[in-house]
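Shared between the two complexes below is chain A, which has chain B as its partner in the first and chain C in the second.
Up next, the complex of A and B:
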């Protein structure tokens, strides 16, 4: 393996290791289990959404509606519990159903009505941002809120639901690992295994790489594309559930950054292990990379308003890495 | 008709890397004449057109237009000098978002003398002049996006002719037109011919060629293989020059099939085409040959469930067969090695092993999980079976030569037993050694199934098949057992004379 090949293959992982070493030398407490868990927690929502959008990238599509699916799910969870007075189980089910339904609609608009993926999901994003405000006439949802007709909502967040955002599992230290991190890890392993080892994942890659060849090999191309959007929608709604559980209310102002952060993580993932293509492992590393960088910089007292700049810079470097460096050896 | 040529090409050469595409082409075009250029895929037609129209620089030789040297460096250059080309992709010649009038005058918008502001009335007036001269009866205010393909083509040609060029090159202009649409195009060409334009017309359609040609030039392997200008034109001679035998080849020991596997009756591939019957037997290899665009791919795609026939019935092993999609065809044991492997076959992100396993990844999986060891073993077996030259089954596809890529595409489908194996142009972009390997493998494994090849080059049919069927105008027009084939009859069938009332 030449130097260039190993640079392309392991460059990003080496960079991540370098960052970790640098921050642990430069700051106090960066290497503690608490700090590691904090990083994972900070990227858990982004990571889950990013893993979902990876599925659409694999089939050669894109999903811009994930951020608004997540916030819609959050609002729906709050509405189901606070206004409709249901329990945690119903709330979770409603969120997952919304994610799957929106994904299905996205897929149908793209595959059967032939709207380009970016435009279809952009439209869906807009639609959901508006839709989630209609039931409460633009108010955030919290226990005891005043309804549009002047009455007071009687329901409240189910403690079992709030536990999804606040419970911590014992691991090494008591009460260390939050539920959202466990969900992130489970979801990451599932989608990674699905994409890399199952025939469904294999054919999704075939669809994304050469849809005609996949069709000629007997693969139901449209069905695979639609399933990818459903996966993406469901993952986004899982993110929304965790967001609602963390906040304990349906906040119309939260979740603004989810889309961009998730897409960035998935695209950074192209550079990991020189894959030059969407992949679940890369996406997870991409999310982790952003989390490590931001946490380290915060601990070094770099101001919060530089965060987006840092994320953007990492994304640009990763994309150059993917498209310019590895492109040359691929010839 | 005048005798002095207006456009003369001498010894034109062109290479792409080690690949010599044009090996000294001599061609002259006369005013008021339609010269038809025929050539198989890869003969160098499009390269020739691209050099003449200024897209590629020439690699040697000279060109002269009306007595002065002609060496265009850009398409605009060629156009200004008076050589205008209408390319096969019609939409390169028109801007769909603008109206007809703007399209007809588009070339006047750029260049040094172009005005800064648009004057709609002037555009309309100039467009009207162009349209009248061409006999174009279209509403000039309509958007080109709303026009049919045929109308767009007429606009593209009229636009090209707005500059009053001396030479017009038409690259397969009728390939997507219906016959009534084509008639309007021919009327326009007649008009231009009468005006003294020298026309180079590139086509495979024998009916077009019979309708238009004043002379025929056959291009083969980058050189002129035949020139036909004595009336009546020798159409079979032109086809022979384009496709005929390059070399003495090994005679095939033609087998006869006894058990039928596939049968089609009254099959119609095109609304206006004659129905035909097709029988394919167990153990035999049948080659269906014919020029480009006569319906070979349409038949292959019909057998594989990618399109529906316009009439007739199909049977597989005695049972009715009408696949709704490729997955359905595959489940019936009907496999297709598609043509244009880069577009229809290869998954570029997958390595060799994953490309080979693609259609049958389900059979290589347990509980949905791909058994990777079995997958790689299959790839290694197929590499050995077909003699694919590679370092390992994990090689990337782009690392393989064209011949080895094609072997992988064939290997993909030979890995499982089939009832009917269809190969559409399996020797495209394949070197001679790989071609022999593939043909030998097909013959060696043919016993258990019916095999049908679609090939344009006669050599490929003669080298591989037990039986050769000839296709023309979307129907079968001839049948030959591959044993002492009557080449004159075969060539005249390819050229379309076997057809009753051929247009």
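Up next, the complex of A and C:
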């Protein structure tokens, strides 16, 4: 392996290691189990969303609606529990159903009604940002809120639901690993295995690299694409569930920042191990990279706009790694 | 009509008896044009509208307009500055007598507001400076908000502590709150600002929580967090809870909502106090200031709605669970005696 090849392959991982070492020296408390877990927690949301969008990138698509699916799921969870007075199980099911349904609709619009993916999911994004506000006439949802008709909502957030965002498992230290980190790891391993090692996943890559060839080879291309959007929608709704459980209320929000961070993580993932293609492992590393960077910079009292700048710079560097250094021939 | 008026007077009399609202509420008939309020049309031209604050503000505008009996038309530009200016022209074309400009940018609204004034329309502006002598400014006093919260922090924690401060520059109300913070730091040299952070990435509470986690990890000896915007405070509270520091950190903030109330009242909550102006009251005051102009009275150049300090103890002692109960149980929060000439109907008196 030449120097150039190994730089492409391991450059990003080396950069990540370098960052960790730098922050450990420059700040107090960066290298503690708590800080490590916290970095994972802070990226769990964007990580899960990014893994979902990776599935759509794999089939050569794109999903701009994930941020608003996540915030809609958050509102739905809050609505189901606070207004409809249901328990955590119903709330989780409702969220997942919404994610799957929105993904299915996205897929149908893109594959059967032939609307380009960016435009279809952009439309869905606006639709959801509006839709999530309709049931409560634009109010955020919290226990004891006043409804549009003047009555008071009687429901509460189910403690079992809040535990999804707040419970901590004992690992090395007591109460160390938050449930959201466990969800992130489980989801990451699942999608990684699914994309890399199952026939279904391999065919999704085939659809993404050359849909026509895949079709001639007998693969039901539309079905694979629709499944990719369903995966993306469901993952985004899982992110929304965790968000609702952490905040303990339904917050009206567009979720655009979630979308941007998730897409950034997935794109940075292209550069990891010189893959030059969407891949679950790279996405997870990309999310972690952004998390380490933001945690470290915040600990050094760097203001938020500088952090956005740094995030953007990392993304540009990653894309240069992918498209220029490694060329389009890799793999 | 006679029946309704009799009833409302009865209600006012009862309210006056119980809440000491004062006698002027029973005064003579309203001045023109409010003797025939059904013919009066006013418009609310909004720049910002999504979020609990703006919902409550609108509710306040609606309730005062209803109490006066005037027609209200709401224009919502949804953060489109050019559209907001066009909407003022639309309102002029519709023949409204009065306009409330709610937020917006000085640059885009200055000329539109002047056109309205030139057309003989009375205008008031809320939280936007349109640089016009004929247009009164309705404001919630951000400096007072910050001052009330910080005075409580001094009262609770003494004059020297290590602080974390949440701030995003360039947002007018936050900048005004920041001025007070800077003054306080000068006045009390014992206050040591160990970290300043903040972001408006939405969901704001979630993004601020991530930042605050880093800050408390780097500075575990912070005892006071000054987060002068409730979304900031929510984020800080999540971070402090997650870091297991709820008992060693106290959070002081500004603004309040139903969700904030439940967060402040959680067992062992670090959120000690918040200073807030009731957005519904601000909405009512906006309409009242406009009504005074229409009746030929002068509400003053600046109409300032005073804030109220709300502590965790207040909420627990009165068992307050949402904004309605807060208004009901803390009367100073429910009504501001601002722009209240004798003839003005009080929308809160039922």
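Basically, the second predicted complex is superposed on the first by the 322 of 331 C-alpha atoms of A that agree within 3 Å, B and C clash if a C-alpha of one lies under 4 Å from a C-alpha of the other, contacts with A are read in each partner's own complex, and residues count from 1 in each chain.
Keep in mind that, in the parts below, a contact is a pair of C-beta atoms (placed from the backbone, for glycine too) under 8 Å apart; a residue touches a chain by one contact, two chains touch by 3 or more.
No experiment lies behind these values; they were computed from the predicted model shown.
Partners chain B and chain C fit side by side in the overlay (superposition on chain A).
Annotation for chain A, partner touching more residues between chain B and chain C: C.
Contacts of A:178 after superposition: chain C is touched, whereas chain B is not reached. Shared-chain residue A:199: touches chain B; no touch with chain C. Touch criterion not met for A:167: it reaches neither chain B nor chain C.
Once the two complexes are overlaid on the shared chain, A:145 sits against chain C while remaining clear of chain B. When both complexes are overlaid on chain A, the residue A:28 reaches chain C alone and has no touch with chain B. The superposition of the two structures on chain A yields an angle of 130 degrees at the Cα centre of chain A, opening toward chain B and chain C, reported in steps of 10.
In the superposed model, A:218 makes contact with chain B only, not with chain C.
Once the two complexes are laid over each other on the shared chain, residue contacts for A:277 go to chain B alone; chain C is not touched.
Nowhere in the superposition do the C-alpha atoms of chain B and chain C come closer than 30 Å. The interface of chain A with chain B does not overlap its interface with chain C at any residue.
If you check the complex, the residues on chain A that touch chain C are 27-30, 32, 34-35, 38, 41-42, 45, 71, 74, 133, 137-140, 142-146, 152, 166, 175, 178, 243, 246-249, 251-258, 294-296, 298-299, 301, 303-304, 307. Within the complex, the chain B residues that touch chain A are 304, 306, 325-327, 329-331, 336, 338, 343-350, 354, 358-359, 361-362, 364-365, 368-370, 396, 398, 412. Chain C meets chain A in the complex at residues 49-52, 55, 168, 195-207, 209-211, 213-215, 217-218, 220, 234, 238, 241-244, 257-259, 261-263, 321-324.
Contact residues of chain A toward chain B in the complex are 197-200, 202-203, 205-206, 208-210, 212-220, 277, 330-331.
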